[in-house]
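The first chain written gets the first letter, and so on, giving A, B, C and D; residue counts start at 1 in each chain.
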Amino acid sequence: MLIVNSPVEEIKEIQKDIFLQKIYSPEIARQIKPGQFLNIRVSETVTPLLRRPFSVCDVEGDYIFIMFNIFGEGTKILSHKHKGDTIDILGPLGNGFNISDDFDTAVIVAGGLGAAPFPYLTRLLKDKFEIFSFIGGRSINDVITFNLVNVKTATDDGSLDYFGNVVQLFEENLSSLKNKKLKVFGCGPNAMLRALKDVCISNNINCEVSTECAMACGFGICQGCPIESTEQSDKYLLVCKDGPVFNVKDVII
Amino acid sequence: MLIVNSPVEEIKEIQKDIFLQKIYSPEIARQIKPGQFLNIRVSETVTPLLRRPFSVCDVEGDYIFIMFNIFGEGTKILSHKHKGDTIDILGPLGNGFNISDDFDTAVIVAGGLGAAPFPYLTRLLKDKFEIFSFIGGRSINDVITFNLVNVKTATDDGSLDYFGNVVQLFEENLSSLKNKKLKVFGCGPNAMLRALKDVCISNNINCEVSTECAMACGFGICQGCPIESTEQSDKYLLVCKDGPVFNVKDVII
Amino acid sequence: MSKIDLSVNIASLKLRNPIMLASGTVGYGNEIAEFVDLNKIGAIVTKSLSLKPRKGNPPQRITETPAGMLNAIGLANVGVEVFLKEKIPFLKQYDVPLICNIAASSVEEYVECTKILTEEETIKAFEINVSCPNVKEGGLQFGNNLSAVGKVTEKVRAVTNKPLIIKLSPNVSYISEFAKVVKDEGGDAVSAINTLVGTAFNIFTRKPKVQNVFAGLSGPAIKPVALAKVLEIHQKVDIPIIGIGGIMNWKDVVEFMIAGASAVQIGTLNFIDPTAPIKIIEELEKYCEQMSITSISELTGSYII
Amino acid sequence: MSKIDLSVNIASLKLRNPIMLASGTVGYGNEIAEFVDLNKIGAIVTKSLSLKPRKGNPPQRITETPAGMLNAIGLANVGVEVFLKEKIPFLKQYDVPLICNIAASSVEEYVECTKILTEEETIKAFEINVSCPNVKEGGLQFGNNLSAVGKVTEKVRAVTNKPLIIKLSPNVSYISEFAKVVKDEGGDAVSAINTLVGTAFNIFTRKPKVQNVFAGLSGPAIKPVALAKVLEIHQKVDIPIIGIGGIMNWKDVVEFMIAGASAVQIGTLNFIDPTAPIKIIEELEKYCEQMSITSISELTGSYII
């Protein structure tokens, strides 16, 4: 865990309303793993007060990338940063995806901005594993396939490709993946993660998801980010410290 | 009184730590008079919450100018504006200097950033009146003579010219101004204005000063900016609405 | 023309929309009228009036704090007589419900003020300020004392038939107890909240930043507290609530109404953007349209807990 | 080496400097130790401990507000037993006064917790939390009730000789009355303030943003209120005060000390910049140097009113 002031190198709108920010941050780049996140202070003033969590989207040499849309005040300020402005980063935080289990085929299932952590995961896996990416969104503009490979897409309104949600799309494609040792990596809204969990558990597929939740600190001191554990009903796990990536078997989403 | 969103045209540091901001604001430029002020919202967020008052420093065609130093959070944000950023201006506010009295010689007496309103006054007066400008500061770096004419300067520490305060300098020069119909225009810290008032009253010189005080609204609705009147002890005048320029006879500074 | 009904009722007072301008933040209406078409506003509340004119506190009266401001104006006002003679004529020109806010240092003075003002037909309701933190007498002495609030309500009620609103102090543990007393003594509605007691010091001079030392905190900083007070009253007492505290935009208005407010007042925001009240009214209409709300009063207390 | 004496005393507790880390904002010290050299801090206060472990409230537990945040963690904690077994060993490694904060839902539970913990010599003092707004039992029920605060102080005092600090609720009209009771019943100091009661709603779902509905407001937004509470206590009661609420930098610390605090606690700021406490200590030293203050405790209550 570091706190660094890192200069923005570039910010671009990779598709309508979706921003990719490239940040020069060698220390973080060296340490961070896919699925881990950064807690970013977007302003020196007291509004917004708290840091904002973002998944590491990708790493290239000394540069890290984050991907976001303008959601509220914090992301708006972030989108207005100029090259050379510095941003205050606390990270790397949380546990990333476990990529040393026993699998030969990685399946990425993402909804909307849930695609954010996967360019980096894809970069690390693509030479050694087969990858299938199932990417969904409400509508054509919400489908983000940036730097992913072997992509199939779904939209809730049918405006692009498969008409339905991304978990249905994944499920329909399951038969074609039958003889592989799968591991599923999921990220997206909770409703989607719940559906994904059901599919994976009933098909006995190893699945990790990156979860989201309101956070204050990001490193375990505020207790602001509880998530119900399947094993212990007498205490919560913390999304920031015990997650944000969990095996679906371990948490009640 | 208008509320306008006006683009910054240029911002430059005219001397160490002193900024001059040029703003394209034809509506304000058309109406504003020397000694009037603007109440500026420096940020869209709620910190800083209140607008910040600034004297109009100068007007050139469709452009207005303000002059400031970095005092706190608000002026810091203002100093970071880029060309093209807009700023939210409420103005013109208050009463300016009265330049239609009976005088033939204008005497400007200013301390520190109290020089801010005088480039504009000088511009309007210089063709028709003789002007003498007495400008003081704590030290050489605090003396601002930008766009003033016929200037004599004083510093509290003697680092530039006259060793002493600017009111003393003015007083010592009074004899040379004896046969003129003087009007004094003053602006600066309260202690300076009090001294200036004493000198002018004992020498029977017509004198107006621009006063300062914490403000919330700037146009008379908050009652936040009282100043004691010499005439009515049962109520205060308001700096924003009845001033900020007052004849020294009318107020207890 | 839109089909959305923005009108709300506070007891027998009918407002064309829930947006009122708060006491002490619009003077007597004349300055703000340069920015706001008063005929479009729900209601305007005067600066607190006392029987005699008050000079108010010496400077410095205000200072800024994180997302808020402290003020100790000290109820500077022209007094009832000058108000009737010099301020009412201006306000008469507009078709906007005028609510007179009254501050006093004794029950008798509250009663006396109300008696005089109730004769003036331009005045449509009274808001009794029992909660100003910035004066030595009256103010919090009344506002934090249940029986004093009861007494003031009872006695003022006896001298006017116009809607009677009591503006409550937030500087108490259980504001709903005060709302209950107001209801029991015949008050028609409560306003919540007035400012929170606060202070600030200059760390170099060690003097208070506001001359009066203690001052009233307003602005967005207090919004969560104000919402909790409104919700507490709504859950415990059946009385119309006017929500006040830190409103900066239409979303804040909706939030107050969901928490239990029938109408709201805009205070500090008037200093920052005096055109905001009108913008807010327009945006509220859009929100209702988008959410298929036909009458904005449906929002009041519509929280799902 | 500097000649400035930053040390302060809270009753018999001597701190190397006035910067303490507030309960609930540093867990049990292990995470924050990655950023802060605990050996440089004035004192560390644990998350509120209860007799048995508490799961705390379901999510969502926090939300942001203008210059502040609301939390309703619900006193999630490991309980006294696990604390002693698993958390104390880590804290033992450091030369920093450890203050145990205790929360309970009955006077008996407060007493029981204190009895057990007072045996542990690593624990240098107790801070009794009678003011948590986020739990159904205990919490404000105690904190807003004078005789309950008196009773808790008296009974806990009877079972420990270690310095006893009572953490007061700001959700009362006159906090100094509570400080007085604490003093009368043998408490050594008071902490002021805990969070203000607040709430927030989602305007589209109409649900509370924090699952518990009512939550505690902290952060810079509350600083003026906290300062006023500290000042009120200082003016009325002769008892050491630990100032808490919205501290973001060294200037805020000085402001609290001028208003009457002997030491301060840093809360929400730890979430935003866990390295801040150390920076603040360094900057306080510079301020003292600049102002020719030889002992920082001179600042306490040095307001000029």
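The definition used in the following text is that contacts are C-beta pairs under 8 Å (C-beta built on N, C-alpha and C of every residue); 3 or more make two chains touch, one makes a residue touch a chain.
Note that the coordinates shown come from a computational prediction; the quantities given were computed from them, not determined experimentally.
Engineer: Return the chains shared as contacts by chain B and chain C, ordered by label.
Structural biologist: Shared contacts of chain B and chain C: A, D.
Engineer: Report back the single chain whose CA centre is most distant from the CA centre of chain A.
Structural biologist: Result for max centroid distance from chain A is chain B.
Engineer: Taking the mean of the C-alpha atoms as each chain's centre, how many Å separate chain A from chain B?
Structural biologist: 54
Engineer: Averaging only over C-alpha atoms, locate the centres of chain B and chain D and give their separation in whole Å.
Structural biologist: The mean C-alpha positions of chain B and chain D differ by 46 Å.
Engineer: Would you kindly tell me how far, in whole Å, the mean C-alpha position of chain D lies from that of chain C?
Structural biologist: 34
Engineer: With chain centres taken as the means of their Cα atoms, state the distance from chain A to chain D in Å.
Structural biologist: Measuring from centre to centre gives 36 Å for this pair.
Engineer: Of all the residues in chain A, which ones touch at least 2 other chains?
Structural biologist: Only 46-48 qualify.
Engineer: So which stretches of chain C touch two or more other chains?
Structural biologist: In chain C, 66-68, 219-220, 248 touch at least two other chains.
Engineer: Considering only which chains touch which, label the overall pattern as line, ring, star, complete or other.
Structural biologist: Shape of the chain contacts: complete, all pairs touching.
Engineer: Which residues of chain B touch chain A in their complex?
Structural biologist: Interface residues on the chain B side: 43, 45-48, 73.
Engineer: Flag every residue of chain C that touches chain A in the complex, lowest number first.
Structural biologist: These residues of chain C touch chain A: 66-67.
Engineer: Okay, in this complex, where on chain C does chain D touch?
Structural biologist: Going by the criterion above, the answer is residues 65-68, 70, 140, 144, 169, 171-174, 196-201, 203-208, 213-215, 217, 219-225, 227-228, 231, 246, 248, 251, 254-255, 258-259, 287, 291, 302-305.
Engineer: Taking the complex as given, what residues does chain B use to touch chain D?
Structural biologist: So the residues of chain B in touch with chain D come to 46-47.
Engineer: Can you check the complex and tell me which residues of chain B touch chain C?
Structural biologist: 1, 3, 41, 46-51, 213-228, 234-236, 241
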